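Heads up, the next two complexes both have chain A, just with different partners, chain B and then chain C.
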Partner chain A sequence: MIEILETAPLNTVQDTGRFGFRHFGVGTAGAMDDLALSLGNALLGNPLDAAGIEVQMHPFHLRVTVDTAIAVTGAAEAKLDGLLLPPDWAVPVRAGQVLSLDTPPKRGARSYVAIAGGIDVPVLLGSRSTCLRNGYGGHKGRPLSAGDRLPMGAATATPVPPGGIGAAPMESGEPLTLRVIPAAQHDAFPEQVRARFWDEGWKVTMQSNRMGLRLEGTALRPEKPFDIRSSGIVPGVIQVPPAGQPIIQLRDANSAGGYPKMGVVIEADLWRLGQARPGDTLRFRRCAQAEAVDALRAIDAYLADVAATAALCRGMASR
Partner chain B sequence: MSGLRISAMGSGALLASAPGALDIPTQRRIWALAQAARGWPGVREAAPGMTNLLVTFDALLADPEALTARLHEAWAGDLESAGTGKVLELPVIYGGEKGPDLGLVAQRAGFSEEEAVRLHAASEYVVFAPGSSPGFGYLFGLDERLHTPRKNEPVIRKTAGMISIGGMQCSIGAVAGPSGWNAIGTLAKPVTPFDPFREPPVLVLPGDRIRFTIVAILS
Partner chain C sequence: MSLSNETIAALAARAHEAGLRSLEVETKEWRLKFVLRHDNTPPAKTHPVTAPAFGRFLDRHPAREVPFAQPGDRLREGAVIGLLQVGPVYRPVIAFRAGTLAALRVAPGQLVGFGEPVAEITALPQSAPAKE
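Let's turn to the complex of A and B:
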């Protein structure tokens, strides 16, 4: 069991998302930085899509009731019984030890706690992710609170060696430059408005959360108002309401929308948006499908490499 | 049948839109296209919208150009859909805090609030597509005199079950949350539009019909 000792609001159980039920209007939910969650799982030898805890508000303290291993990845500093862990690191933990994430990160927004065997909350509509907006999935369909006890899945991988194992971060380039494929209404905006979208910086406002990032910049106004028929949308879609300030829909977004769509952040860059925070400036760079596919392959290769190297380290230590 | 307009929705989805009128024959073809596309290799999900279809796919397995060609080909052929077509009657309290935008909708149409309400409740609505959150979905059948543009900025709705108008569309909000639509009323009796433990999890499916009855008009 994992016992939650203390937690700020809005920390949740998430896996890599809920797929296959969009025709009922069911959105994906899932880790905002799915790369970080999968990295923790790779270090532990879990399936890459095993459920972990997304920590976006601090403090957050947990205790394990059995000997196991945990990995902490993403933005914040974590301490095990008061000792600072290196970033993106997996360590063995003994029953009774306390993991704490006390202070908001200096850069980035979210951290992930993965555990050997994954968090074994019930699978609902194909996923263990919490959908906060509709109140289902994860742990009882709600954010974690002090006193919660979370079941752990059976760990099948070789144990993590005493000193722990870590991973070098993936070559990420400019973390807040997002590759974007133009979407349905892109060409219907006047040319100089389109140019501003691609050339200017977009500030992330305080009205930003798991549902989406509201951006602020020079307003993007169409020549005449659109009346668009509502359609399904995906995380990463950049919609422009009539007021002209773009909104990027994210994991807990509506599953359909009718605002004009300027573009969509490619799937391989969605994790970057999970680490964007109010005050940050985003930039958009135009991208074609081939580059988007290469970027997905690069993430798969990185995670496979980490998983293989981590398995080797665990194996050598256990001999 | 004229051709679909198909555009990218990022690296893992396509949006296929049927040109022409927002009507039931077109939408029936969209439902059938969704059913067909669900079985194609690499396709993850096919979700109908209002005379459009979002097809999500695994970008490592499926090529959007090939999928685009296949959608065009399927649209040019015979598409038959069998909607379930059950009828649901829902009592509504219109206006006041239950429908804060009723005044605006009526005023734009040049009606009294009561006239606008009677016009709204006179139509039978067809569930066209899943909504912005699981539950009732988008409804077709709104009298065109009640068409009202969306707000410039979304506002936060504190309650679920609000009936609202966005452009030519009408919907019932399944949950509280942000919306850019104009709310004209709220369901008089709470219902459970979505229950992830139920099979199917949603109360209504595309093809079902909804009738609203007037419980009260608040001022």
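Let's turn to the complex of A and C:
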């Protein structure tokens, strides 16, 4: 079991998302930085989509009741019984040890705690992710609170050696430059408005959460109002409401929406949005579908490389 | 269970510091006996920290500005001194005992073989608190 000793609001159980039910209006939910969650799973030898805890508010303290291993990835500095862990690190833990994420990270917004065997909350529609907006999935459909006890799945991988192992960061270029494919209404905006979308920086506002990022910049206004019907949207879609300040829809977004769509952030860059915080400035770079597919393959290759090398290191240490 | 060389060295050093003349440790499988000589020459002050694996040594994590430890820093037992990188994975070089980091023996970026000395730790007096 994992015992939650203390937690700020809005920390949840998430896996990499709930897919295949969008046509019923069921959004993906899932880790905002799915790359970080999968990285923790790769170090531990879990399936890459095993459920972990998304920590977006601090403090967060947990204790394990059995000897196991945990990984902390993403933004925060974590301590195990007071000893600072390096970033993106997996380490063995003994029953009774306390993991603490006390202070908001200096960079980035979210951290992920993965555990050997994954968090074994019930699977709902193919996923263990919490959908906060509608209150289902994860642990009782709600954010974690002090006193919660989370079941752990059976760990089958070779244990993490004493001292732990870590992952080297993926080469990721400018973290806040996002590759975007133009969407349905892009060409209907006036040319100088489109140019501003691509050329100017967009500030992330405080009105940002797991549903979406609201951005602030020079307003993007069409020549005349759009008259369009609601249609399906996916995480990453950049909508432009009538006021002209874009919204990027994210993991807990509606599955459909009626605002004009300027573009969509490619799937391989969604994790960057999970680490964007209010005050950060985002930039958009135009990208073709082939580049988007290549970028996803690069992430898959990186995770596979980490998983294979970590398995080798765990195996060598256990002999 | 078996004892690592580091553990044996640490046991010997602690027995020496405590002023013991001999120390025996015995289990069902093995017996270990230290015979310690105390003379007037000061005991070896530093303890080598050896590489737990082959890899490229890093004194800091690329996501952090500051090195894990610099000479003169006090280290808790279990503190990370540096990393050994193999492909996309890091393994830690760990302070096997509390002490002061006396020196790093390898430069950042240098390839290190298994068992090679990476750092030197000076034992702390028993009462001195160690930072992380």
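Assume the second predicted complex is superposed on the first by the 319 of 319 C-alpha atoms of A that agree within 3 Å, B and C clash if a C-alpha of one lies under 4 Å from a C-alpha of the other, contacts with A are read in each partner's own complex, and residues count from 1 in each chain.
Just so it is clear, contacts are C-beta pairs under 8 Å (C-beta built on N, C-alpha and C of every residue); 3 or more make two chains touch, one makes a residue touch a chain.
Treat the numbers as computed from the prediction; the structure is a model and nothing was measured.
J.: Once chain A from each complex is brought into register, does chain C clash with chain B or fit beside it?
T.: fit
J.: Which angle, to the nearest 10 degrees, do you get at the Cα centre of chain A between the Cα centres of chain B and chain C?
T.: 170
J.: More residues of chain A are touched by which chain, chain B or chain C?
T.: The partner that reaches more residues of chain A in the superposed model: B.
J.: When the two structures are overlaid on chain A, which partner does A:E223 contact: first (chain B), second (chain C), both, or neither?
T.: A:E223 contacts neither chain B nor chain C.
J.: Quick one: is A:G163 in contact with chain B, with chain C, with both, or with neither? Answer first, second, both or neither.
T.: second
J.: In the overlay, answer first, second, both or neither for which of chain B and chain C A:L84 touches.
T.: In the superposed model, A:L84 contacts chain C only, not chain B.
J.: So, A:T309: does it touch chain B (first), chain C (second), both, or neither?
T.: second
J.: Have a look at where A:D199 lands relative to chain B and chain C in the superposition and call it first, second, both or neither.
T.: In the superposition, A:D199 touches no partner, neither chain B nor chain C.
J.: For A:E191, select first, second, both or neither according to whether it touches chain B, chain C, the two together, or no partner.
T.: Neither partner.
J.: Could you say whether A:E171 touches chain B, chain C, both of them, or neither, answering first, second, both or neither?
T.: neither
J.: Could you grab the smallest C-alpha gap between chain B and chain C in the overlay, to the nearest Å?
T.: So the smallest C-alpha gap separating chain B from chain C comes to 23 Å.
J.: For the complex, which residues does chain A have touching chain C?
T.: For chain A paired with chain C, touching residues are 43, 82-84, 86-88, 161-170, 302, 305-306, 309-310, 313, 316-317.
J.: Which residues of chain C touch chain A once you look at their complex with the stated criterion?
T.: For this pair, the touching residues of chain C are 52-53, 61-64, 68, 76, 78-80, 83, 85-92, 94, 132.
J.: Under the stated contact criterion, what part of chain A meets chain B in this complex?
T.: Chain A reaches chain B through residues 19-27, 124-125, 133-134, 136-137, 181-184, 211, 225, 227-234, 236-237, 241-243, 254-259, 261, 264-268, 289, 292-293, 296-297, 300.
J.: With touch defined as at the start, can you tell me which chain B residues reach chain A in the complex?
T.: Counting only chain B, the residues touching chain A are 5, 7-13, 15, 17, 22, 34, 44-54, 56, 59-60, 64, 129-135, 137-138, 149-150, 152-154, 166-169, 174-175, 177-178, 180, 194, 196-197, 200-202.
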